[in-house]
Amino acid sequence: MIIVMRQGAPDEEIQGVVATIEELGYRAHLSKGEERTIIGVIGDERPLAVQPLEMLAGVERVVPILQPFKLASRDFRPQNTVFSLNGVTVGGDQLVIMAGPCAVESREQLLEIAAAVKEAGATVLRGGAFKPRTSPYSFQGLGVRGLELLAEAREKTGLLIVTEVISPTDVALVGEYADILQIGARNMQNFSLLQEAGRSGHPVLLKRGMMSTLQELLMSAEYILANSNYRVILCERGIRTFETATRNTLDINAIPVLKKLTHLPVIVDPSHATGKWEYVGAVSKAAVAAGADGLIVEVHTHPEKAFSDGAQSLKPGVFNQLVADVRRVAEAVGRTL
Amino acid sequence: MIIVMRQGAPDEEIQGVVATIEELGYRAHLSKGEERTIIGVIGDERPLAVQPLEMLAGVERVVPILQPFKLASRDFRPQNTVFSLNGVTVGGDQLVIMAGPCAVESREQLLEIAAAVKEAGATVLRGGAFKPRTSPYSFQGLGVRGLELLAEAREKTGLLIVTEVISPTDVALVGEYADILQIGARNMQNFSLLQEAGRSGHPVLLKRGMMSTLQELLMSAEYILANSNYRVILCERGIRTFETATRNTLDINAIPVLKKLTHLPVIVDPSHATGKWEYVGAVSKAAVAAGADGLIVEVHTHPEKAFSDGAQSLKPGVFNQLVADVRRVAEAVGRTL
Amino acid sequence: MIIVMRQGAPDEEIQGVVATIEELGYRAHLSKGEERTIIGVIGDERPLAVQPLEMLAGVERVVPILQPFKLASRDFRPQNTVFSLNGVTVGGDQLVIMAGPCAVESREQLLEIAAAVKEAGATVLRGGAFKPRTSPYSFQGLGVRGLELLAEAREKTGLLIVTEVISPTDVALVGEYADILQIGARNMQNFSLLQEAGRSGHPVLLKRGMMSTLQELLMSAEYILANSNYRVILCERGIRTFETATRNTLDINAIPVLKKLTHLPVIVDPSHATGKWEYVGAVSKAAVAAGADGLIVEVHTHPEKAFSDGAQSLKPGVFNQLVADVRRVAEAVGRTL
Amino acid sequence: MIIVMRQGAPDEEIQGVVATIEELGYRAHLSKGEERTIIGVIGDERPLAVQPLEMLAGVERVVPILQPFKLASRDFRPQNTVFSLNGVTVGGDQLVIMAGPCAVESREQLLEIAAAVKEAGATVLRGGAFKPRTSPYSFQGLGVRGLELLAEAREKTGLLIVTEVISPTDVALVGEYADILQIGARNMQNFSLLQEAGRSGHPVLLKRGMMSTLQELLMSAEYILANSNYRVILCERGIRTFETATRNTLDINAIPVLKKLTHLPVIVDPSHATGKWEYVGAVSKAAVAAGADGLIVEVHTHPEKAFSDGAQSLKPGVFNQLVADVRRVAEAVGRTL
C-alpha cells in the first residue's frame, strides 16, 4: 500500500501517518519526491483495507498495491483448478456445455428439452426452479416441484443438473437435487447466500453481476473459497453499458483477464449476454476462441411459449448447429468438446 | 404494447401474430405503414411482459407502452405518500434527516454519535448491525448485539432507528428493534428479501442498486407494495459509471424523475454517492434543492478509526454545519427542516 | 413513429396531434387502448426526427419505429459491401489484417516494422502521422514527414497504407499518401471531418467512438455514404464501461449486431479494446470467431521505447503467432486469411 | 510515479528498471515489501506518461501519483480564476446565466427569444449557428447568417454571445462575432480545434464529453491554457450512463470535484443533462446549490416548432420562474444572481 501525502504536508503530518502505520504493526518507508511525499506500507496490506487511512491528517490518496483477494488468485495457486463431477471434467481441455430452459415449466417441457440438449452434446442441464424476477407479477418458478423434475431429468438422461438458489435458507434443499448450485448475477453480492453456498461444499456456478468489476467477482468467489469450497466456476454473462442494441454487453476481455488473475474455470452465458437468440451463435464461438472453459446456453423447444427469456432461447436445431460450430472453433484453439 | 413486423412480412405472419394476441385475450389493431406494419395490442399489457412475442414469425420488435409497475405509479395514486412514525413525518414539507455511523462498532461509539446527530437536528439514527461487505475478511457487523445497542440509543435519544437487513430470515428479528428496515443497494433485487420485508408490514427504506434503472427500482418497490405495505421510502445513493474521481455518481436527475413517476418519498444518501466526506456537503444541498424529501448521512466521531466507510463520514462539527446549510436551501425551495 | 398520449388526454389534444401530423404531410392512425391512446404516423418518419412532437399538448412519449440511418442499412442494400484496393479485398471471405505501430516515429522504426508485419501476413500497414493525444504534452506525430515515410514503406513492401486524419483541412493532404483514411474514435462525431472524408471519395476506416452506440456509429457512416462514398469500413475498438481491468471493453456483440443491421464490412481493433498486449491474442481470435472481416493490430519492434501505446503493442514474434492462431480460427468459421 | 514489480521478479529485472529510470533522468527509490518490490520514481513524472514503462521486464503495473494536468490545477494556481467580459463577471460571487435557443433558426425567432431571456435576467445569449448533428439529414445550422443574427441580437439587447465552433478553420470567423467560443461535448477531444481556440485568445466555454472523465476534461482545458489562453469556462452537461429515463445523467458530484481540482469556473447545462424541459428546473437549482458558477439553459418561444432540442427547451414563462427559483437558492448558498 502506498500513501500519497498532500503537496506541502508538514513533517508532523508525515510523522503522524508513520506512527499510525507502525502502531498497526507495519513498517513505513518514506520517499520524498519533488511535489509529494509518498509512504510505502510494508507488510500484508489486505487487513488494512478496512482502515480509513485517507482520513489521517495530510493524506491525499491511498493506493493499494495487491489484489484484495487471495485464495482466488494465481499468486496463491498457479495451476488451473480442474475438477470432475460424475465423469464431467470442468476446467480441463474439454469444454463443458450446459444447456436447457430458463425456467422449469412442466415435466413434459423439461424432459423434451433435456433429451434434445443431451443429443446435441451438452453434459449439464440448466433450468430454474426458483426464479429471481424483476416484476412481482412474473412467473416465480415451480419451486420444489421444479427440483424434482430436474432430478427426474437427470435420471432419464444422465445429464448433471445446475440450478439457481436465491436464498440462503434454500441452499440445503437445492443441494439435495442439484449437482451444481448457481448463484445468479443479481445475487453476486448476496453475501449471506455466498457464505451458505460456501459452507455447503457443493460446486458453485457464480455469475458476474451485471455491473460488477472482475475484482468484485473474485472477491465474491473468495467468500466461497474461504469456506474451503474450491469447486467454483466463474461465469461471464454480460455487463450493463450504455449500448441498448443488446440486453447486455458481453465483456469478452474478461476471459483472458480472469485467466491471468485466477486459477478458477471460466464459462460464458451467451444468452443473457446478448438477449437475442440470433446473436448467441456468434458470441458462443467468440467465447471459446477467447479461451472460455465452457458455455451455458438457453434452449427451449417452444421459445415462443416460454414463461421467461423466450427471445434469447435457441430451438434444438439451432443449438445443434451451434455445438457443431463451436466444436470446430474449440479444435482451432486446441480444446475439445 | 406495439408489435413491429419485419419489412415485407407476409400476410400470414401478420395474421399469425393477430391470432396469438386474440388467443391471449387481447384485441389487435393493425396499422400498415410504408415500410413496416405495426400491430397495437389493446388491453392491460403488463401480464404480457412474460410472453416472448418477439419469437413469433415475422416480428421485428416489441415496444411496451405502459410502465411495468402499477401500485408505485402516480397513475395509480396521484397524491404523494406521506406517513408518520412516532412524530417524524416522511414525505411531507419537512425534510427527514437520518444520520449515524456506517456500522455499529461499540456502545460508546454509538451513543456518542447518536447524541451528536440528535443535537445537530437529525430525527433518525442510522447504523448497521448486519453489514454486507465486499470482502469476507472485512468486519461483518455486531449482529444482534448491534441491534440491542441501537435500541438503547433510541431510548436514550428519542431518535428513530433505521438499520439494514440482509437476509429474509432476519426480517422478523431486525423488525423487533428497528423503526425502519433498510434494504441496501446490493440487495435491491434480492426478491426473497423484498417479499419478506413487504409481508412484515414495517416501513422500508429501499436503496437503489448501483446498477439499477429507476424503472427497476420502482419494480422492486412494487414487490413491497404488492404485500399491502405502502410505507416505502426510496433512496438514490449513486450509480456506477465510468467516472473514477468519486466512488459513485449521484444521479440527481433521479429526483425529479421519481417525483414524476411515483408517489413514494425519495431521499438521498450523499455519503455513498460521493465516497468522500469533503463532497458530501455540496451534494446534500443539491439533493434538497432538487426536491429530495430527506437525507441519510454517515457521521462518525472518529472517522479515522471507523471500521468501515471512514473516508466518507463527517465529523459532528461538519455535520452540524451541513444541517445549517441544508436548512437554508430547504427554505429557499419552500421546505422546512 | 408512434405517439403515446398521456393517460386521460382529452379529445382536443388528440385531435391537435393528428392535425399537426397531417399538416406535416403524414397520415395519422388512432388506436384507443384501455389506459392510453396511441397515434401511429404513416409515412417516412426519418425527416420527423427533427420535430419535437413530445412538446405537443397531451403527448407522453414518441417512439421511433424505423432505424434513423438509411444508406447504411440492410433494408437499403441486402448484400454485403465488398470492395478491392490494389488486390486487397475488404468484406469478402478473406480477412484483412492491418498492422503497424501506433505512431510513425522514424524511418528506421517504420520500415523495420513494415517488413515484419508484411512477413507475418498483414496486407495493410497502419501508423499515425497526425496523432490525437489526450495531453498537449504528448508526442503529436511527425505530420507530413510521417506521411512521406508511410509512402516509402508502401513502395518497399507493397502494403496498403491506412493512417488517421484528424482535421477536415488535412483530408486532401492525407488522401495523397494513404490508401485508406482512418477516422478515429474521438472524431467519430466530428461531422465536418466526416463530410470532408465523404466528399474525398477515399476509402474510410471509421472507428466507433468509445461513448457511441451502434446506431450512432451507423449515423456517422451515413454522413460518408450520403456523399456517395460507399467504401466505408466500420471498426469496433472497445467502449468505455465501469470495468477498469482493461483500457476499454471490447463489445463483441457489436459484430453480429452490425452484420445484421448493415452491409458494411466490420473489423476489430483488439489493441485499443484491451490496452494490454497480453490480451490481444485472445480477443483477436474471438473477433474473427464472431464474424469480423479483419483486424487492425498495433505492432512495434521495440514497444518498451514506443512513443505511444507501447503497452498494447505486440512484438513481431508474438504478432506472427497471432496471425497463425487467427488463421486456424478463421478456417474454423469458413473464412481464409 | 510508482512502479510495482511482479511477485518474485529477480534482481536483474529490478536493476533493469532502475537503470532505465536513471537513463531518463530520474532517481529511483526502492522499497521491498513482503510480496512485491515497488520502485518510486523521483522527479516530475508528467513527461514520463509517454514512456511505456509497463513493457520493461518484470513490471506488473505503473501507478501515476500526480494529476497529468498542470496549468489547470489548483496546485498551480490556488485562487479561483475570475474574469470580466463587457461587465459580465465569470467565476465570481454572481452567477452567470446563459440562455437562448439550441439553434439560430431565423431573425424573428432569435430576437424574440433574446428579448425574453434578457428580461428574465440572463446576461449571455446562447444559440448555435454551426450545429453538430448526429444525422446528416438534420438541420445543420444557418452558418454565417446565424452569426450575423447573433451579432444583431447583441446590439439590440446588450447580451453577450456564446456560440459553438465545430471546425478549427471556423475559429477566426466565429471569433469575429462571438464573445465566448463554445466547444461542444462531441468535440471535447478534437485537439486541432482546442489548439486553434487556445491560440485565438477568445474566452472558451468547454463542455465535458458525454463519456469523458473529469481528468480528461481538465486535460482538454490544458490544451487551451497551454496557449496562454486562461479564460476557460468548464461546463458539466451530463454523462452517458445505463439509465434511459433521461437523455444524460447530470454528474452533480463533478461540481465539488472540479472546484477542488481546478481554479477554472464551472457552469452546468441542465437542458442537455436531462433532455426534458420538465426536469430542468429541479436540476438547475441543484447545480447552483452544489456550487456551480452559472447555468446555460435552452429557451424557445415555440419549442413545439424548434428545429432541434425542442423537448428540452423552456418557454419564457417557465424560464422566468426558474431564474426566480434559482435566485433564492443562490442566496441560500451565499451567491447572487
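Details
Order of writing sets the labels: A, B, C and D. Residues in every chain begin at 1.
In this text, contacts are C-beta pairs under 8 Å (C-beta built on N, C-alpha and C of every residue); 3 or more make two chains touch, one makes a residue touch a chain.
Because the structure is predicted, anything quoted here is derived from the model rather than measured.
Comparing the centres of all chains, each the average of its CA atoms, the largest separation from chain D belongs to A. Averaged C-alpha coordinates put the centre of chain A at 31 Å from the centre of chain C.
Chain geometry summary: the mean Cα position of chain A and that of chain D are 38 Å apart.
Centre-to-centre, using mean CA coordinates, chain C is 26 Å away from chain D. Touching of two or more other chains is recorded for residues 211, 240-242, 244 of chain A. Chain contact topology: the protein chains form a complete graph, every chain touching every other one.
Chain contact summary for the complex, chain B toward chain C: residues 2, 4, 7, 29, 31-36, 38, 40, 42-44, 63, 65-66, 75, 240-242, 244. Looking at the complex, you find that chain D touches chain B at residues 211, 213-215, 238-239, 241-246, 249-257, 259-260, 273-274, 278-279, 281-283, 285-291, 325, 328-329, 331-333.
Chain contact summary for the complex, chain D toward chain C: residues 46-47, 49-56, 68-69, 132-140, 166-169, 186-187, 189-192, 195, 209-212, 216, 219-220, 222-223, 226, 240, 276-277, 303-311, 313.
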